[in-house]
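Dropping the structure in here first, questions after.
Chains here go by letter, A, B and C, matching the order in which they are written, and residues are numbered from 1 within each.
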Amino acid sequence: MSHADWEMVVGLEVHVQLKTRTKAFCGCSAAFGAAPNANTCPVCLALPGALPVLNAHAVELAIRAALATECTVHERSVFARKNYFYPDLPKGYQISQFDQPIATQGRIVIDVDGTDKVVGITRIHMEEDAGKSVHDRFAGFTAIDLNRSGVPLVEIVSEPDIRSPAEAGAYLRKLRSILLYAGVSDCSMEEGSLRVDANVSARRTGETALRTRTEIKNLNSFSAVEKALHLEWDRHVTTWKTNGTIEQQTMLWDQNRGTVRRARSKEGSHDYRYFPEPDLPPLVLDRRAIDEARASLPELPDARRARFARDYGLGAYDADVLTATRELADYFEAAARDSGDAKHAANWVTGVVLATIKERGLDIASFAALLPASRLAGVIAMMKDGSVSSSAAKTIFALMLEGPGDAPAQAAREGLLQVGDDAQLRQWVDEVWAEHPAEAARLAAGDRKLLGPLTGLVMKKSGGSADPRKVNQLLAARAGT
Amino acid sequence: MPVSRDDVRHIAALARLGLADDRLDALVGELNGILGHMEVLQKVESAGAAQAAESARAGMTLRPDVEGAVPLARAREDVAPKTREGFFLVPRLATHDDSAEA
Amino acid sequence: MSRTARVEASFARAAEVKAGADGLNCIISADREQSLADAAAVQGGALAGVPVVIKDNLATLTLPTTCGSRVLAGYVSPYEATAVRRLRAAGAVVVGKSNMDEFAMGSSTENSAYGPARNPLDPTRVPGGSSGGSAAAVAAGIAPIALGSETGGSVRQPAAFCGIVGVKPTYGRVSRFGLVAYASSLDCVAPFGRTVDDAALALEVISGHDANDATCAVRDAPVLRAGAGRLDGVVIGVPREYFPPTLDAAIRQRCDAALDALRARGAAVREVSLPHTDLAIPVYYIIAPAECSSNLARFDGVRYGMRVEGDGLQAMYEATRSQGFGAEVTRRILLGTYVLSAGYYDAYYGKAQEVRALIARDFTRVFADGVHALFTPTTPTTAFALGSISDPYEMYLSDIFTVTANLAGIPAMSLPIGRVGGLPVGGQLMAPHFGEAAMFRVAYALEDELGAEAHQ
């Protein structure tokens, strides 16, 4: 249903698991997939007397996430307790940050139908994850696994700058890409290393104040976010239009039904009684550490895309595809440099390489193990200098996937080398010229249409091994055109 | 600011304390008695004192991202009231869609 | 005496004075066979073979850690507190866990779920609290050293009531890892000793940086054992707020005698002022309950300790916690939850932290002004009779001279300075942050100068 004159206002809260080896506050492994409660210790079990000690690498990654999103990193930030009862929250409070987070005021630029739009980031703060509650494994019980309890997270809160589901999707994709480039997290919604809560409200276009918002949880994919926003906004507008009121409440996305519904009423209220965490002195960062983190940031997606377009003369689409992940961009760039032919490298990577990856269910890292960029570059270079035709190159590519050996060796072995040797080619050209005097005469008189057929005849004479471009050149030169 | 019976009931719920009604009335009196003694603080001029103290505080020491948790001398199962297949068990939540508050 | 013989003697003494529930009720769990085995296994160390008693809120591996509460009845910790580990690494032998006010909330050890503890000098009276059991054990001769914990005076006050030495180190001097938290920004592991030297030794052994506690200072253990010497050039400050007109005359007289003793050793005595002293109890009783309300949330019956099943999860939480916690703990959790709750944070907790900073500043100012240590009475009264104080706030007032040091984080200690009506009186010393060495220097001298008078 379209609601002309009504606007969607969305803010997104994204929780991202930091890629550390150990948990935020203890030396337990943060790895996924261990047996229930295998990765626990007095600290993350909240045994009486246990105390938290903060993971330095988690801080580093949080700083990187903040810098990659252009936030101001605060040299002094404070941890706080967020108090509530839930069985997968062993201490009865979550160690988080409240009024003095590690970073504030960043931005992400998204593409909305070809125009750039800035979405502000209000804040980024560090906190610990809770454990997992499994409700249907043992009848009558909820089973608690605390392996995830204490894994370090950052929460990234956007300004309510998003105005449509598509913008929300674009924001999430861009944020994910930035965080992947920065090496901060695996950012996988399927694996739970990236979670999204969406805050949505509606207002008439032109209103400046914000109306009551609702929060949607349990979103399990970017497309779910887009769908859920649309549905929930629709409900808001319909309600306002019929003079109803929107209550501030939590909503849940139901993946099975594809609907958004109210969460059952909470037991007790949301009074988190935040206070500064007395077990942790303030986090004081030295300026130098922040500068080092900034220097160690890789080139981020937007900058890399712009540089590819500029330095390699790539079109927007290709630049986009090739910078989808840092690994792919690295692969392409290595192939481009080694082969000296960025255009062909782009074609190959966006075409045959990505197709192969998809077909074989690989990722770029395992593809690169199979066929490093330098070997691919070899094939491209041979095409560039005319040693092989493009169809031969494809054959060589397929062969190289199966076994070792560089491109020239493969080509030679398979008899795919094009003859580019001038003397041999001239001989073939001369023969054809002599054998087809009528066509030769017409070509010499200026009828360029004969170039193709005559080239074809030379190719036939060479058994397909002649370099057609060179043949073409020689014929043209012979014709004096 | 005196607390009422409802206030105490509300706080007890926040703290999951399960107070019986007869306890409630006694507690209202006790808490108000104690809180009465706190009023004196309102008259004290103190702005900025805590912040000044905080800024002077040294920052925390961090730990390296290396595995090495404090080991447990006894199995979790031996310490916990109810476990099964390595999980801690609690009565099933009313609906698993009563999502956690974070 | 061999190590096992020493431990045997300790157990014999415990039996003689009836340390268990049938008597003083200062020891609530012990394992004679384990202790003897531990003694036999000792290789060496500064405390080789010395029997020690551990307050029941410090995690130990074989004896339970109940914190004087039903909610942890029978709970045996699967890891050990750093302070206990260090004592044992120095060869000490744990001979028992001591009774305490539940979760360290109290000033008399009458708030224990395991019954009150009694003062060995007069079993109709309290030994003080919350570390009353440890104090009684040392006073009764069961062990020369015991560990307690301090949040508002819980070691100094029992030390004063029982006629022994009790030391609160600087906050951050000793690791809190394994000390069950009551109020995290105030809690300290704190030793008792029969003498100043015993306490000094214990503190040397347990102090020092611990990577498991982010609030533990990155410092080596201090050198404290000096022996008694002169105090020429030492300036002792006497804060007038600790000597109000209402102070018991007999206690005042003992304090005056102690000051004379200090002068006899060459110290100068100067009157000073700590003007925000009278705000300390309200500040403490906002901050400590606030932090405790959060620290005790983990007692929910899910992963350890008592569980009372209920009709659903919330019922389980409420039944477990209402049956597990005693009246004082319940009161403080409620108070703490209230002062942190929406709308009240600034007026109570926020304000209390501001005034706390003013209290701390009082000390900083005085110490910056040429005062090396402060001297005050430890408590306004001697040990009171069991059951004689029922009003919660009146009980809180017995911490009136001790709470300031916890709020400021500075080191403080109590040592015996005489008797009144046969009951011990404690004199308190306080020093600047990490100034334990200076504080002990004065303590050694005072103890030596007073000699037998300290127990008369």
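Keep in mind that, in the parts below, a contact is a pair of C-beta atoms (placed from the backbone, for glycine too) under 8 Å apart; a residue touches a chain by one contact, two chains touch by 3 or more.
Nothing here was measured: the structure is a model prediction, and the numbers come from that model.
Student: Kindly list the shared contact partners of chain A and chain B, in label order.
Tutor: Common contact partners of chain A and chain B, which must touch each of the two, are C.
Student: Indicate, using Cα centroids, the chain positioned nearest the centre of all protein chains shown.
Tutor: Per-chain C-alpha centroids ranked by distance to the global centroid put B first.
Student: Identify the chain pair with more contacting C-beta pairs: A-C or B-C.
Tutor: By the number of C-beta pairs in contact, the winner is B-C.
Student: In angstrom, rounded to a whole number, how far apart do the mean CA points of chain A and chain B lie?
Tutor: 40
Student: For chain A and chain C, what's the span in angstrom between their mean Cα positions?
Tutor: Between these chains, centre-to-centre, one finds 56 Å.
Student: Using mean CA coordinates as chain centres, what's the gap between chain B and chain C in Å?
Tutor: That gives a centre separation of 23 Å.
Student: Out of chain B, which residues touch more than one other chain, so two or more?
Tutor: 14, 16, 60-61, 63, 70-72, 76, 88, 90-94
Student: By residue number and range, which residues of chain C touch two or more other chains?
Tutor: Within chain C, residues 75, 78-79, 211-212, 214, 293, 297, 300, 302-304, 313-314, 317, 337, 341 contact more than one other chain.
Student: Touching two or more other chains, which residues of chain A qualify?
Tutor: In chain A, residues 42, 45, 50, 53-54, 85, 87, 142, 144, 267, 271, 273, 280-281 touch at least two other chains, as defined above.
Student: Under the stated contact criterion, what part of chain A meets chain C in this complex?
Tutor: So the residues of chain A in touch with chain C come to 42, 45-54, 81, 83, 85, 87, 90-93, 142, 144, 267, 271, 273-275, 278-281.
Student: Which positions of chain C touch chain B when the two form their complex?
Tutor: It is residues 61, 75-76, 78-80, 211-212, 214, 218, 276, 278-279, 281-283, 285-286, 293, 297, 300-307, 309-319, 321-322, 325, 330-331, 333-335, 337-338, 341, 344, 347-348, 350-358, 360-361, 391-393 of chain C that touch chain B.
Student: Which positions of chain A touch chain B when the two form their complex?
Tutor: Residues 20-22, 26-29, 35-38, 40-43, 45, 50, 53-59, 76, 82, 84-89, 94, 130, 133-146, 217-218, 250, 252, 263-264, 266-273, 280-285.
Student: Show which residues of chain B lie in contact with chain C when the two form their complex.
Tutor: Listed in rising order, the residues are 1, 3, 7-8, 11-12, 14-20, 23, 27, 30-31, 33-35, 37-38, 40-42, 44, 46-50, 52-53, 60-61, 63, 70-74, 76, 78-82, 88, 90-94.
Student: Could you please specify the touching residues of chain B with respect to chain A in the complex?
Tutor: For this pair, the touching residues of chain B are 13-14, 16, 54-55, 57-72, 76, 84-102.
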